[in-house]
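Heads up: the structure comes next, in structure tokens.
Chains: A, B, C and D, in written order; residue numbering restarts at 1 for each.
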């Protein structure tokens, strides 16, 4: 059954495989008369693009976004906006051995069980390359939110156990890890470098903060803003957990500690992470996302082939050592999608 | 915009307020010829019912489920199954002071901001009583899964900082906290008792395990099983975080540690929590849910009234001291809903 | 799979069977702060109620609508509004013979084929009584549209071959057939009376006109206003065709005849029936609906039993002789649902 | 709000404008392991292609379908299938005068009212060219239905008042009008030729028949097969009415005439058009669709400009004289979409 669409009032449908013709998305529900051009995508696509650092896959993709529809004379028309990002650097031969063997930690096994066969080249549909379409969609989402003065800022809170001690927005984009702590950058470089040298990989935690979100976004009871954010970020490959505000820490607080008392000037604290009863409360939205280490490692691993026979797998080639940095723009895009969707949904209301 | 439905192939729509006429749900998409009677709901409703312990609200509700439609001569017909749970013990007077004041940590403020007014009696639509409808729906979800031999088991992993050290399924239902560790029960009783004595409340962590789920449930890329589980549990009031398998812990593992190597007899480990690429892999599904402390406390708190003027709030009456234990059957129900939905969605497939 | 919901921004989910506990609906997406009480339903429910004339089933139902949720202190809250109409006059014994025999022209055969069994009492879920929930929902839809000054007027254009020659709005509610032509009322009475005397039934055509609908309702390309109206009216039992504006007549016109030329004061003609490119154009919306004769007749008919063996069926009891008059308020309700849905959907737009 | 998707279990989302980069669709929900190649689209695309006759627009499009995703080694993978049909012959200059003037009978006026501006080149999103994506999607729908031995056959029942008197399947594809009556072909040619000579256009009626559809397709009560077929065909531009089985004729029959009596060998008649209670009954599905005359005519017409000032419009260039023939493959595709969707939906059921 269909599972490649996200959003109700502002909806993206994505398609594409890692080593197919390209990745793409159709955005349905974008209001008309919003300025949009292909140049608008360049910056965000570059933030996600592979090959930015020595620790990334060296796959070279320009990731140019072609607008196929929905824009006329520089403005959105209200018709669906189709975006296409052609794949170029698709070297499929290295994946031939994977025709028979399932890579541990990857989706090979489950796709095979579900579909009976699959495009194993670079992970096919399950590849992290799929997030290119999300980032492109996120650019439009931010345009929809444009006049609301909402700011979405994600960063690497933790990488391979190294945690940023300070959050300086000006630092985030000055280093390839999107680390907000100038003092942690070198440690992050060390830990990722060391893991790479050992043929291994590392995970981490990304934090996303939203400033300026008005109160009132979110639809009780199942489409709570928190629930839709959870679905959005958990739908990204390699994400294994998420929390909002105090999150798992709230489990160990008392009510008198966790409650955010209210004053005429706002909330005294923000343990809620900006969401109460599933609806934004006007405070900053804060969420953290746990990212597992990339499963593609250079070490020998036990696995089985398609017939269930045991085998050893030792990957060759070069892969990302961590998914974390490149996930920063992806998670920003997903949060933007959720906010744009709920912004438009909220507009349906006050008819009474 | 509508937000009170969950599921695509197996869908529940819920309604009702804490102090209105009752809570209810309409289940659409239940296959026909499944045996169902009002007695089937008694046990699960009792597990969630308030007033089971000295630490719960003493509100007395029989929580009898009336089947309004969709069942004929003891069997489901394929038509929508409407369930109604009448409210009985609805004493609304104690809530009169809340007509003007927002309770910190509650949804009062955001509902007011969003809707302009709201049913403040007992939290109205945002009340934990809303979960009664979910538990009732979950009973039907389990029936749909019935012949698959799937077992769903939730328990209180942690309560007010006390963590279960062992997981003994036989212990879970022998104590009011659904604690799986016989040695932790008394400590949990102490911590909840102490918090209550001090007019305070506590949070905790619930773990849910699913045994026997076949490989192949979940629809890439947005309706991943993990994403739908995340949405399901994060849609429950008071939940502030969730993780699957190794979860946040995976963020600190290396790929060589986190990957679950594969043998002809199954996976060597289960850091994935039973889900790879958003699709169940046949191993146990494991997820943990962070529950914040109940915001209703007896201590004085700063707040504002509907006109934004500062005020002090000191609640009277008796409330649950922790949402955790009663959330155990609720989370089981939500997981059952997701599985039933994906089970039916999976049935659409292999037409090729 | 679920099929009991209608609408995207303003959604109703209905449930119930003819001889079960009752009929009901859950409305999700109704804006807050709209005045609503149980009295608001009385008039429309009475227009649809059986037993208004000698030609109807004498089943006696008060069709009182109970509001179960979503209204607080007389105003909608934005939470789902559940409505319940209890069945009272449910005499099921006369239907016992139908346990084995399929009634020609009814859904018995297809429900049995699809579901393996069904609630055959009075047609169960496929009964015309199902439309009671639609009429109740339509009352709320009109409230949502309230301040727009939209008027929805349906009437019996044709009954058993007798066609209204004039359309006088003041006449419609003065006769039990909702006939708009004072001179056709007696002929309609004669034709229905004659058919009833012969144990037979008749069909007809209902026309619906909408005055005051603003331009801009409808979402290209699949959720055109015309497409959603078509689905809405074709989802009502016994409806076998629908047309908008010139409809089937347009198939025989030339473009120069059919085009509605445009002047500063509006369109010169209205062959389009108020919809161009699937979007309302501000002119009156006009649609016609073909209603088949009631399949319950007193004449002997060939049929088969559940085992495929031939049988003769001769119904006893009393049924409506025509579905047409009672369909007038039902079709008004469905058109109101579509307009309310598209009104709210349209509100998402102009964000640019 | 989004309106460019159709189907629930088998879903297409379309995009594109007449004079933009191209038309396309994303199919989500196609089962895996179905053989599919770009060659599979050639025949159906050719049936819809403009320029087949002297009465069509001479626009020359090869309408080659590029598969962008979802197919691996010749088989569908279960991932979304994106199809792109590049526009080539896009001469936009002739449309410059339409920047200011609304064409009567077209969607220009309503798009402008709704969106504030629009791609007026060739009608933009509202162009009949949009149906190219539907035909491409329909090819996949038929593949999904492949092993069921369902046959879908559409033909021109009536063109400009000329009605086919006999239905010979072998004749349909031997003439450019898809007329099933060898004796009516010349008359149809005459009537369309005469209208063209006079700078006018004509409408007609298309009939669609489905052979071999199993009983059980359709989901009560809103997603009846009849309701979804109605929405599907009414969503096609220029369609103004639809009827199933006896349709509007049933409004003048008595129940004793209209009921299809049942025998062990099937139904004695097929006034129901293969659908009872919204569910297929195993008999042939029969529906008829009213198509208005093409609004683009060479005659002078009154209209207004974007500022509401009166103007006269006289189109130049060459357009189709009738939409009817090219609609035959489009309606077949839409019916195939509905059947594929309901086929997959039906597979969710019998779990009991």
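Brief remarks on what is shown
In the analysis below, a contact is a pair of C-beta atoms (placed from the backbone, for glycine too) under 8 Å apart; a residue touches a chain by one contact, two chains touch by 3 or more.
Model, not experiment: these values are computed from the prediction.
Chains making contact with chain A as well as with chain B: C, D. Between the interfaces C-D and B-C, more contacting C-beta pairs are found at C-D.
Rounded to whole angstrom units, the spacing between the C-alpha centres of chain B and chain C is 38. With centres taken as mean Cα positions, chain D sits 46 Å from chain B.
Taking each chain's centre as the mean of its C-alpha atoms, chain C lies 26 Å from chain D.
Looking at chain A, residues 1-5, 8-9, 14, 29, 32-33, 75, 78-79, 114-116, 125, 220, 344-345, 348-350, 352 sit in touch with two or more other chains.
By the touch criterion stated above, chain B contacts chain D in their complex at residues 8-9, 29, 31-34, 75-76, 78-79, 144, 147, 220, 343-345, 347-352.
Residues 1-5, 7-11, 13-17, 20-22, 24, 26, 28-29, 32-33, 66-70, 72-73, 75, 77-82, 84, 114-119, 124-125, 344 of chain D touch chain A in their complex.
By the touch rule above, chain A contacts chain B in their complex via residues 1-6, 8-9, 14, 102, 104-107, 109-111, 113-116, 125-126, 130, 158, 160-161, 195, 200-205, 215-216, 218-224, 226-235, 237, 239-248, 250-264, 268, 271-273, 275-282, 290-297, 299, 301-304, 308-310, 345-346, 348-350, 352.
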